[in-house]
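Letters A, B and C name the chains as they come in the text, with residue numbers starting at 1 for each one.
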Amino acid sequence: MGLNLEFMLSIIPELLSAMVITLQISILAVLLGIMGGLVVGSFRVIGPKWLKMLIQLLVDYIRGTPQIVHILIIYFALPRIGIILNAYWTGVVALTIIATGYEVEIVRTAIESIDKGQIEAGLAIGLLKRQILIFVLLPQAIRRIIPPLTNELTNIVKASAFLSVIAVNELTKISNKIIYETFYFFEVLILTALIYTVIITLLGMLSNFIEKRMFSTNSEANS
Amino acid sequence: MDISFMIEIVPRLLRATWVTLQVSAISLMIGLVFGIVLGVLRVYGNRFIVWCTKGFVIVARGTPAAIQIYAAFFLLPRLGIRLPLFAVGVVALTFNTSGYQVEIVRAALESIDKGQIEAGLAIGLTRWKTMLYITLPQAVKRMMGPMTNEFANLIKASSALMLISLYELTKSGHAIIAATFKYAEVLVLVALFYFVLVQSLCKLSAYLENNVFNFGKTADPRNEFLN
Amino acid sequence: MEKILLKMEHIHKSFGQAEVVKDFNVEVKQGEKVILAGASGSGKTTILRMINYLETPTKGKIWLDGDYIGGHYNEKSEWVSDSMQDLAEKRKQIGMVFQSFNLFAHLSALHNVTLGLTRVLKLPKKEAIARAEHYLNKVHLSEHIKKYPHQMSGGQQQRVAIARALAMQPKLMLFDEPTSALDPKLTNEVLEVMQELAEEKLTMVVVTHEMGFARHFADRMIYLEDGVFIEEGPPEKLFTHPESEKTSHFLSFCGYKEGDI
């Protein structure tokens, strides 16, 4: 079963521009998600008990339900509550919600991994709980958030493939479209898989690199 | 919300949930075989074999489940393999989960104290026998928690089989929506079913890790000041 | 020297089943330097941490300069626990120096000191910096104010921590084994700074195993065993004529070790 190389070359531009859409949506979602993650994650750590439980329930729900189901829910629910968005932005909203669910946990883990002595030192000089959060914990948590965040981006890139279900013109949707138009599925799927693998492997390497850089050159000395 | 409609569709969704569970569980089991074989090769194989298993893991974990499912759907018939839709789903999910399971097995194997291996070699076992009788049995215990978790992941991933119209939970829900337009009722139920399944597996996984196979570790201390 | 600054009355502390402090009482006068001595696990850290309520006493009351810490009596003489705000208000009157320094890892020496000044005392930035520089100078660190914790030696870090506590101008300073994470040379840097503070009439409660230092530094020494008060008095007296067998046994052991070095 020979590959039609000429055909493969001819579809590369279309696939690459679809890849750009995939990356745009994913990066947007992760960045919007981190804002939600920082705020909600902070409340998850220092909020009143009922709020912590509510947040954990929502986080468990988002992480414990398939991404396609979230995408379908957003797709149907947004118009119902009067928010009419095109497919692209519906996709961004859906992925942002998914990303937030995971990023709340990332933020929480980062805050909880900070040495307890930092909190005690803050209390000892008379800082309030929320001041300790803002001036002591979050600034230190940020650097611990970045490596897992890059990793989260790879998950969101993979999740973005499901946006094909709601007709967002990202990589999977376009590759599917080409398959149905041409029936060269072997060629199209190989290229698509290759593009995803390269993106995700590069992001994984970036995450490792950041982690090594951040934690070797600047080892924190909170004994 | 139309409660009587919801009650009416529960049996149908339950049957679909059964499909979801079956396709996930079968894939998990077949994936386990690949996971253990490739995981062992990944740790103990020669350079070439390690290189191949690494490549497999990169592709399996580096491509979205959606693409893997399309690939199984289009490519198997092309290779002359005609399978029912359910089996196509199993092939796709097995490929997907094997990539993760290799890493679980590897992590478990590598977490076994080197002294255990040296002790095995010292009493005259070969490298492979040490692996088989000493390292692997200990590693299997450490794999139980992560594997339960992987089952939960597979249940979530199986929802992507709706892309090839396998009537698992998500596709069934989708079909009911297409026929009735009662998406709120359907999606609430679908989400709830998944949530209950996945949540119980996650709790089980955490329980296995902390209480059954914890090897004397204590739970991490929470910070009392922030509580 | 007569005014009483700190009172601990019938303090008990349990962790789960274990009662690690039993009926501890102490009064500390303004300007007094008190050493808490006792074997490892005798409850010294726990007592110190209860003074600024990092640890809540199971029973008993702590009183600092006119106010109870951790709560107060209302008009109907009922005990009301302090809110986070009230506690912060009281804690800022007490400086604490930790065994493991606990400098804010993301802030320079200068900003470790200014954080409390700007955020708790609400000083304007300029004034906060001037005050921070003053206290960093006092602990002989004027040249290192821009450095981050991981760029400083343990002794330097501990002196920054002392400056951070002093800059809040607390009524009372608590030191929990401030030198036990340091080697002998760095230990001396820190002890010298503490000695200088002693000469300024600052009230200090110190846990230390440096008995040589304790002997000429302290006005009073309290000896504990298993969370129980054994005896107190001028260090000289405890070293030479202790009333209890236990004290003499412990101190001779420490003294011997120190003489050895």
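Here is the rule we use: contacts are C-beta pairs under 8 Å (C-beta built on N, C-alpha and C of every residue); 3 or more make two chains touch, one makes a residue touch a chain.
From a predicted model like this one, the values you see are computed outputs, not experimental measurements.
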- Which one chain sits nearest the middle, judging by mean Cα positions? A
- Could you pull out the chain whose C-alpha mean position is farthest off from that of chain A? C
- Query: Distance from the CA centroid of chain B to that of chain C, rounded to the nearest Å?
  - Reply: 54
- Query: Could you state the distance in Å from the CA-based centre of chain A to that of chain C?
  - Reply: 46
- Inter-chain centre distance, chain A versus chain B - centres from mean C-alpha coordinates, in Å: 21
- Task: Provide the list of chain C residues touching at least two other chains, using ranges where the numbers run on.
- Result: 54
- Message: If a residue has to touch 2 or more other chains to count, which residues of chain B qualify?
- Response: 225
- Message: Give the residues of chain A touching no fewer than two other chains, as numbers and ranges.
- Response: 120, 123, 129
- Complex contacts: residues of chain C adjacent to chain A: 52, 54, 84-85, 87-89, 91-92, 94-96, 98, 100-106, 115-116, 119-120, 149-150, 152, 157, 161, 164-165, 168, 181
- Given the complex with chain B, which residues does chain A contribute to the contact? 1, 45-46, 60-61, 64-69, 72-73, 76-77, 80, 112, 116, 119-120, 123, 129, 157-162, 164-165, 172, 175-176, 179, 185-186, 189, 192-193, 196-198, 200-201, 204
- Task: Would you pull the chain A residues touching chain C in the complex into a rising list?
- Result: 115, 117-118, 120-129, 131, 135-136, 139-140, 218-223
- Can you list the chain B residues touching chain A in their complex? 58-59, 61-67, 70-71, 74-75, 78, 152, 155-160, 162-163, 170, 173-174, 177, 183-184, 187, 190-191, 194-195, 198-199, 202, 222-223, 225-226
